[in-house]
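Each structure below is given as structure tokens.
Note that chain A is present in both complexes that follow, paired respectively with chain B and with chain C.
After this line comes the complex of A and B, so read on.
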């Protein structure tokens, strides 16, 4: 038996180990560890949480089914209004990121020769710690913060400091800022797919720049806007830090109440109910927008292909 | 009845003014993105206890206060340990999954590539508060709540979408014919792997691990719910201090975090030469 045969034998056994075999419904065995994390850890987390919403104490072995906590939610105007307030803040944030982000997205997609550099500049702040970023907004919005310094001391426009902190608007500002990239990137991606000859054609046919934008560019970025809006809405509706640090006690959002229910000595069952109801709202939104297919991380890669 | 479009037709802007306006708005938005970060960096050098403008001078005393504060040093150490463990574990699991996603044979399986990509994106699509408290209940169920392994398991879940998809897209850009050539020249599957495929995707793997490191190091929401009272990660410690009172040391630690995060992720982006959303 020569060495080549040994080598071939090793090859065969390795093929069976790593060579992209499928197993049951899993197309490739190498997906198993990752899928285990998704199914066991993520799935297990969601499942145990959902169990808590309608069972007395599943961890302690008490599986008695009760809908008392769902009834409590349905009968509580406080928690229903918290849910609605959170959605209102999320809508304001989504509109805010769209209004602030669209012009920059347009500039990056249409005019800039340094598109990749600018995209990096827009995306980079995503990676900065969110506690620090929210803290930065406290420095800006405080009674003795940057905004009031500029308005009072520098420009002398005001005698009294503006009350910016601990308002719903502070929460919206503190959310628009970190979520801008999530709106800008999908819009840029959708703009890069536009055939710019169409815009030229519209202008040649007598349309002004604004008309060409409104009739040709804007409709073709709908998919990007929808994707960006979905990202921003989901992320902002579940905000935890901004409402606590910038909104003060009067502007707590749903995530704060969910978190509160899971802190020491609180009501896990009711917290789970809030989490389930909130998730249901988000899922309904996803279904309504019908975006499930577009919401992937791969958006940026397809963008590079287009260049 | 005049339509909105027709109304827009009445306004015509010269090319020069349109360009100016677009540049101005783009510049303003970028300033808005970076202004808060710059303010933290600026205030980290103020000699005053309270934020005062204009700054009366330059001082490094808050950086000294930072390195002399045991609470900060311990939290940084704990966060670093957690992030390194997460980067290696998530990098490994993500590399396997990335291979499966890019090289798997999806003919006739109910789990096609699109579904798998959505599955692997779930940990970042699902709101963080849900995975946060879900993990809290699940780790209690497993009786590992608050332990270091539980934190690593959770952080692998949070970072897996990034490691998997970065490595899968790295493999996607790889020329498979090189690997085929190695095999045709007599290399075994294993040798082709180690000597051809792995070196070629190493940049993606390193980039994926850097992303995982920074995500784990900076994670707040989930870690906040998964952490035992005995331990503190840096973001959780900072959160506690921010809620209490204004402490200028926070600007110093914030500046360190900002510079560190940007340096690491820009390096990772350079290495993988792919933009991440």
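After this line comes the complex of A and C, so read on.
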């Protein structure tokens, strides 16, 4: 028995754990359910979308190619500005969840005894039906809602009600609330990997609280922030209900227009164009951010960091 | 004597009903290697953290060079700490870790680079500036942590069980390294450990803590040969603790009738001011018990129960009147052949016996 035999034995035992049987071009049979889902359902729907954006009616067998709908999009400033507004709302929502969520995540991470309870409280809004939750925000933000009641009637700070409802900010507020957990959970996860003695070490070496945070805590939670920001940005950029209920007619987001094209508008082709262009813009944005900041998006789940 | 660099007075720390540190007072001299020794939960780390400023004292004072530290935040204290987990910043290179204290002091980059190289040299890790600290071995991380703490030239270096996460061999090497570095820099070291070997081999003086209270302060020799309590005698080194009664007092020495040995020890130093008839305890180190195969005056007979060979010494468990007595003899084996169940005679050196409260 030499060393080589031992090495081979280790390899074999790992092989039994890692490798499943391969089948044709699929390296591991256990990938089949996931692959099937992605290829058929996700790939199929995206393909349908892409085909409809430049074919007359591919599902009905009419594969005639036309770029008329792309031309219509390029010629219309309305849809382009709606896309820009949607992205601005998504950016505001992302920044908002970060500003509210980061301190909360910090508090949750350092209070080990109450961590599970606090996380539960943070995640709870997701359990409430989206429509009910959004209507609750209408009650709060209305001209005679909770906020204005407190400011005018209780505190007497204002003579007339603040106009909160039917603004872009109302949409942002309505989105920040349910999307907070998507920001908080990855940040908490990245904070829990920090040895808190490192923060004491920084202070011991002359760092103020703020310097210790900037030098030690923040850099180590970058991956968590990137993951949280990705979730929140993607989810908020496609928001549908909040802009309808809280934004009013003037603050529709792109998802509302795409929905309209597929329902009352009965223009699948143009709806598909909007969807394809918007998806491409979002992907391009992520690529640009990734290249410029050198931050691995979704990095909290990367294998390298887990080691 | 010059003014102590650190003076701790009546220091107490309570968490709710739990008293972690109970009325501890001591002085540390400049350039001293001072250890806090005690079992886990004895309050040694809490005391260290209060000196660093990470914990607030409930009452009492900590003075450094005569200045009260109570209101001074951690980042303004002239002490550096080496943590048990090393606490290196994983988001920074080795060089950035070591230079962190200088960066906080706004030392220009070029000078910083020079000093980092100098301190990496000191801990025997030259050229490691650009390495990732998480890729280093435990011993290397330890050295980086040491360099990082020392580079700010603190008046006092605090070390919180710094060797406990290293393996035995490395731990023994690092002891010499720490002593060498302390000699080279002449910095005051305050060292926390639960390992009596570490404390005995490195310290100039040791503060022995038990359950938050200070048991004894003294040099390793004093703690070893003149323990003031059964806890001190038992915790530091191995010992036999016997019980007995003062038969006669004579000036500052006493005769003790020892129950377990059914013999009388004559002229034992009366360090506890015991009076005639008082119940007392006596600590006798295994190496201070002699062994022979022929009875002479005052010796008691016993039977060898177990023999354990340690290379440089041999330890025996000898049964005397049904009690086990631990005896250690030098490598040569003495005059007795060492076999189990053999009869031997034990002789006790009363000068080496330590009288303790019962």
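Criterion: the second predicted complex is superposed on the first by the 243 of 307 C-alpha atoms of A that agree within 3 Å, B and C clash if a C-alpha of one lies under 4 Å from a C-alpha of the other, contacts with A are read in each partner's own complex, and residues count from 1 in each chain.
One rule holds in what follows: a contact is a pair of C-beta atoms (placed from the backbone, for glycine too) under 8 Å apart; a residue touches a chain by one contact, two chains touch by 3 or more.
This structure is a prediction, so every number in the text was calculated from the model and none was measured.
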With both complexes overlaid on chain A, does A:158 touch chain B (first), chain C (second), both or neither? neither
Is A:52 contacted by the first partner chain B, the second partner chain C, both or neither? first
Counting only touches as set out at the top, which of chain B and chain C does A:205 meet: first, second, both, neither? second
Thinking of the overlay built on chain A, is A:185 touched by chain B (first), by chain C (second), by both, or by neither? first
Examine A:26 and indicate which partner it touches, taking first as chain B and second as chain C; both and neither are also allowed. first
Contacts of A:216 with chain B and chain C, given as first, second, both or neither: second
Just chain B (first), just chain C (second), both, or neither: which does A:130 touch? first
With the two complexes superposed on chain A, say which partner A:197 touches: chain B (first), chain C (second), both, or neither. second
Between chain B and chain C, point out the one touching more chain A residues. B
Would you tell me the residues on chain A in contact with chain B in one complex that are also in contact with chain C in the other? 207-208, 211, 215
Complex contact set, residues of chain B against chain A: 4-5, 8-13, 18-19, 22-23, 25-26, 29-30, 32-37, 39-40, 43, 50-51, 53, 93-94, 96-97, 99-101, 103-106, 109-112, 114, 116-138, 140-141, 153-154, 156-157, 160-162, 164-165, 169, 172, 188-190, 193, 214-215, 218, 220-221, 224-225, 235, 238-239, 242-243, 250, 253-254, 257-258, 261-262, 264-266, 269, 274-277
Help me check something: in the complex, which residues belonging to chain A touch chain C? 195, 197-198, 200-208, 211, 215-216, 219-220
Which residues, counting only chain A, touch chain B once they are in their complex? 7-8, 10-11, 14-15, 18-20, 22, 25-35, 37-38, 41-42, 44-46, 48-49, 52, 58-59, 100-101, 103-104, 106-108, 111-112, 116, 119-125, 127-140, 144-146, 149, 153, 177, 180-182, 185-186, 207-211, 213-215, 234-235, 237-238, 240-241, 244-245, 254-255, 258-259, 262, 268, 271-272, 275, 278-279, 282, 292-293, 295-301, 303-304
Touch list for chain C against partner chain A, complex: 52-54, 73-77, 79-81, 83-85, 87-92, 100-101, 104-105, 148-149, 152
